[in-house]
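Two complexes, one shared chain (chain A), two partners (chain B, chain C).
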Partner chain A sequence: MVRYTPVTLEEALRIRAEQDVVPYAGGTDLMVENRKGVTYLFLNRVSELQQISEDDTYVRIGSGVTFTQALKSPLVPDLMKEAVSHIAAPAIRNAGTFGGNLGNGSAKADSVLIEYVTDAKLRIASAAKERTVDVDAFYKGRKQLDLESDELIAEILIPKEGLDDYYYQKIGGRNALAISRVSFAGILNKEDGKIKRIAAAFGAVADTVLRYKEIEKMLIGKTAAEAGELKEAFIQKYADTMVLTRGRVSAEYRKSVCCNLLRDFLDQMI
Partner chain B sequence: MEKISQSVVKKDHSPKMGGRSVYVADYNTAKNGDGILTGKILHSKVARARIRGVEVPTLPDGYYYVDAKDIPGDNNVNIVLDDMPVYCRDTVEYIGEAIGMVVGPDSKKVDRILSEIKVNYEELEPVLDLRTAKEAFFNYEYGHGDMDKAFAEADHVYEEEFETGYQEQTYLETQGMMAEPEEGGSMYVHGSMQCIYYVHGAVKRVLNCEPEGVHIFQDVTGGGFGGKEAFPSILATEVAVAAKKANAPVRCVFDRREDMEYTSKRHPSICRIRAAVKDGKVTALDCDVTFNAGAYSTLSAVVLQRGIIAAPGVYNVPNIHVTGRALKTNTSPCGAYRGFGAPQTFFAIEMMMDHIAQDLGVESLAFKEAHLAKQNDPTSTCGKYHFPVPVQDMINEVDKVCDYRKKKAEYSKPQTGRYRRGIGMSMIFHGAGFTGSGERDIIKAVTRLHKYADGRVEILASNGEIGQGVRTTFCKIVANELNLPLEKVFYDHPDTARVPDSGPTVASRSLMTVGELLRRASIKLREIWKDGEEQEVEERYRQPDFMIPFSLEKFEGDAYPTYAWAVNAIEVEVDTLTGVTKVLGAYGNFDVGTPMDYNIVMGQMEGGFLQGIGYSSIEKMDYDDKGRIRNNSFSDYLIPTTKDVPNMQCMLHVEKFPDGPYGAKGAGELPLVGVPGAYLEAVEQALGGCKKHKLNHVPFTAEDTLKELMKEAE
Partner chain C sequence: MDALNFVLNGQKVSYEGSANDRLLDVLRDEYDCKSVKCGCKEGECGACSVLIDGVLYNSCCVAMGAIADRSVVTMEGFRETERFAVLDKAFAEMSAVQCGFCIPGMVLAAEALLSANPHPDEEQIREGLSGNLCRCTGYNAIVKAVGNAAKEGNGLW
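This part shows the complex of A and B:
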């Protein structure tokens, strides 16, 4: 069986360009899938992908960073840490990576929800070029990613500013080893008594994580009193817009939980 | 703590922890060195159909298709009524029913052949709804007192219906069985099972041979919980017929999906209770119990018996009438699961008592306490509680640990806000051993002790280690009585060729019933002990003299010699935004008599308690309008983990049973039985009590909770 175990990103990208390979990070999704007849490109020795760093604007999380590693890092924002701390159980968190969570393409991926709500960007690399893409543009649909066959996810760029005022809730079928059935993350920043930024993202309820920037605009620039007035209309707008799928729980259940959490988020943060 | 209760290292600890235990899937070759053929079952894809034909592709050399035509004996699996076929007759009755088996050396090829087989079904209308099902496999009725008078004189009459769902045993090791033809024509069958002699009886009938023509060995078994009581008899007959045809060793190991979808589960139930109340006391209970048996009767008779005996709960109510039916539907046959019919009926009566109390405006625990049966009171079947009933003391002990009465009062005040709390308590018994006169009339347990010249003593019995610790506790009893070090006494996995029939590993009976036989056998051996000689003693079951004989026809008498008791309290916090219920505390007080090993018993109590919480809350399994179970994997059927109940406190209250070894009673099933009543009472209180939200089914999921809350909003 052919398998590739590069130690540099350059080497990994070259193999990716030349061969038909499946990138393999922690393997926590791939082991379960147990695909037949594929060739793996193992990324676990590529230390360039395993760094957490920061620049003026972003916290930069390498795609090969594991959840356990992130939980220990002083650079990773609390909101991300909270979401990651609810993933599976220690064994999976020790192996599972940010890149794999994205690469799996699921709307239930807990770190991806945070990337949506924080307007994170992804650095995508290939041997030929590099590009940066907004996380919501990266997801084109259920299990459909904006990723070419010669590309790898290299880094996740999370904007540093304004992440302290957040709200997060995951609902799984139980308290450990549970995939999200509904997840919600919200951010609300105020400046001079007015809402400067609001973001609300819903995970595990549709084909991709859902976020509606158009609806969010309703509350931007509003005072607490004004926002309070608009609150019910705002929630109703979400209820009307969101088309949810059923899974292990019904679509109705998902919708009521989404609206309940959205309301609670507004009640607490406005 | 008594010496016998002090924990030791389990006899199977080291091989299991070291990965050296050999499960049926682990064998590389048969006993004689031959390669093992893989057998895979051709399962019915429809819930009910006449089979017009099965088109099997031309098979390569060494591959076989096996079906009912290959059965040397008759096509019935010996369980209770023997109505279940080994391979289907001219109809299939549920999705998953075995039509045939493909056997061959390469499992991938076997899969391919299986996928190429065309079954020609003439589909028939299946019966799927328990409420409209008509065919009753079993129909029981019993009662005493004057029902008409009690209802005529009642101040209040209450009527309510309670429903429970499936529960899947989720043992770690799936069902697996292997059959090896031996020289001389006998058949050797071994695998994952609880009851070697049940399997023996079944295989013997199907192969149409003498008892010596087949022998059964229990391999290391990765959990049973009841799921390996009857199903192994079915799988064993299937592989035995295949091995006979191929004249080669055949093994069939289920994958998880097959196991979850097609093997036996806990019976879903509907219980309707009518209660008459006069002067604040329940004077009559009329209980109508319906169990979904599935397509064949398998164990439903005995499951239903245990269920209806428990229908009036732990209460002494003067007038009782109980009916019970196990109805046929075109679904997987249901079977044994820890508690054996009693969790369903105890749930109903516990909720009923709580609801009546709430309606009368009295505290539910006090109401229950006022009805508790006491020593010498009659049982539901006009037997007698011969021994002290410790429930009141056990309630007080639980109250002390979790401040139950105070919290109950506090949480009954109106609650607002996102998180709301509730607490509930249930009290139950578990009749120890087989129901009725089964031990005396059917099982007739026999055990032997074999002493080797070097002074080691081997236990010869048929009870299987399934994680519950019998390989250890049996040895402790014998070692204690013979005053030997534990290493000198051993109990290997049983083979019917070597051990007498001490009965099946079921009904929480092994330790109490067989353990006592071993204790008495040890005394015999002690009395004749001669150093350096090989010696053997035998002991047979005797029914205790005090028992009022049980008549199954009249459903009257002592259904059990004694009872193990449990009182559970569960405290919850409901998140009104998500419907998610958090268990703040789970407190269990269990009377299993003298624990034969403290750690083993506590392991059983904690595990069973958690299983009960799963049954009450998240373990939801159902079939669709075609009769298909869709949640057939561990990502679709979730069971709780320790993180779901971090605060669990179990304690033991010891009320010794004079006829059990050193006072021991049954332990295995007890901790699960009462959980749903306590859990749902707690959730209901958190939601504001039964006048606001009358809850009456389990599992009660987050989605159910949110639905209730939305009713409020409307």
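This part shows the complex of A and C:
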């Protein structure tokens, strides 16, 4: 039986282009899924994918970076660290990676929620070319990704500015080893007494993470007093727009929790 | 394809099977490491915990291809160490073991924790063991045992 354990990204991309392989990063989802008859492309020796760096605009997290590694890095924003620190337990965080969390295609992925709320981009590589895609465009549906059979997720690019004023809540069935039932992340930046930027993302409630940039615009440019007056209408707009699916808990429960978290976010941040 | 080489409890070994095979199954069935327990096969219970290059993993969530040329330690190897002797004594003194099914994983999680943080407080111990479920003890005796081991084994970690 063949075994693919490349040590460079170039080699990994060549195998990905030539063979029918499933990229294997940390294994924490794949080994539970336990698909039969597949050939894994083991990426855990590709050190190019395990780097955390920064440029003028972005913190760049390699797709092979583990959650434990991110928690130790001074470059990773606190909002991402808070979300990642609630993932499962140490042994899973030692194995699980940012690329795997994306590639698994689940709306429950705790790091992906933060990528949505921060407008992160993904660098996608193949042997032939490279491209950058917005995270919300990468997710086309549940388990449906904008990723060709010759491509690998190479890096996650998180904008550095304006992430200090955040709100995060994960609702799970227990403290450790909990799969999110509802997760919420919000960012609200003010300038000269007015709301300059607001972002609200909901995880684990539909086929993908949900974010409604059109609704967010309702509060941009508003003072705290104006935003306070608009608050109930703003929350109602979300309640009317969100189409949630049933999962481990009912869609109605999910919507109530989403609206409660949104209200708490606004109460704390406006 | 060449055999897959790795180090198991200090010994070089070659595995001839598939890269897709589950480390948990291979350790138990091929190498007779029966300390590694199968509780869930979902990474949810920690009974199959092992150390790979000194880092704690759930062996149910590791395929053999991911451990080529790496070093795996199970309780069969760890029990030969001085650190184990300290943990063993501390667990016994606190009566921290009841049915025992979770204990190999629990002890390796304690080893991983103390290696990274030799003097953890209670909260840090609970966090370090948070991936290891125990249905008998209620955890308190185990948490106290790990705290005592940290004191008794001062300097070992």
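Following the convention adopted for this analysis, the second predicted complex is superposed on the first by the 270 of 270 C-alpha atoms of A that agree within 3 Å, B and C clash if a C-alpha of one lies under 4 Å from a C-alpha of the other, contacts with A are read in each partner's own complex, and residues count from 1 in each chain.
Simple rule for what comes next: a residue touches a chain if its C-beta (ideal position, glycine included) is under 8 Å from a C-beta of that chain, and two chains touch if they have at least 3 such contacts.
All values reported here derive from a predicted model rather than from experimental measurement.
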Look at the residues of chain A and decide whether chain B or chain C touches more of them. C
Just chain B (first), just chain C (second), both, or neither: which does A:Asp264 touch? first
First (chain B), second (chain C), both or neither: which does A:Ser256 touch? first
Just to be sure I read the superposition right, which of the two partners does A:Arg248 touch: chain B = first, chain C = second, or both, or neither? first
Tell me which partner A:Pro90 touches in the superposition: chain B (first), chain C (second), both or neither. second
Just checking: does A:Gly27 make contact with chain B only, chain C only, both, or neither of them? Give me first, second, both or neither. second
Could you tell me if A:Ile171 is touching chain B, chain C, both of them or neither one (first, second, both, neither)? first
So which bits of chain A does chain B touch that chain C touches too? 175-177
List of chain C residues in touch with chain A within their complex: 1, 4, 18-20, 22, 41-44, 46, 49, 55-58, 60-63, 65-66, 68, 109, 112-113, 127-128, 130-133
Within their complex, chain A touches chain B through residues 169, 171, 173-179, 182, 248-250, 253, 256-257, 260-261, 264
Touching residues (chain side chain B, partner chain A) in the complex: 418, 577-580, 618, 631, 635-636, 638, 640-644, 702-703, 706-707, 710
Residue set of chain A touching chain C in the complex reads 1-5, 24, 26-28, 30-32, 34, 38-40, 42, 44, 68, 88-92, 94-95, 175-177
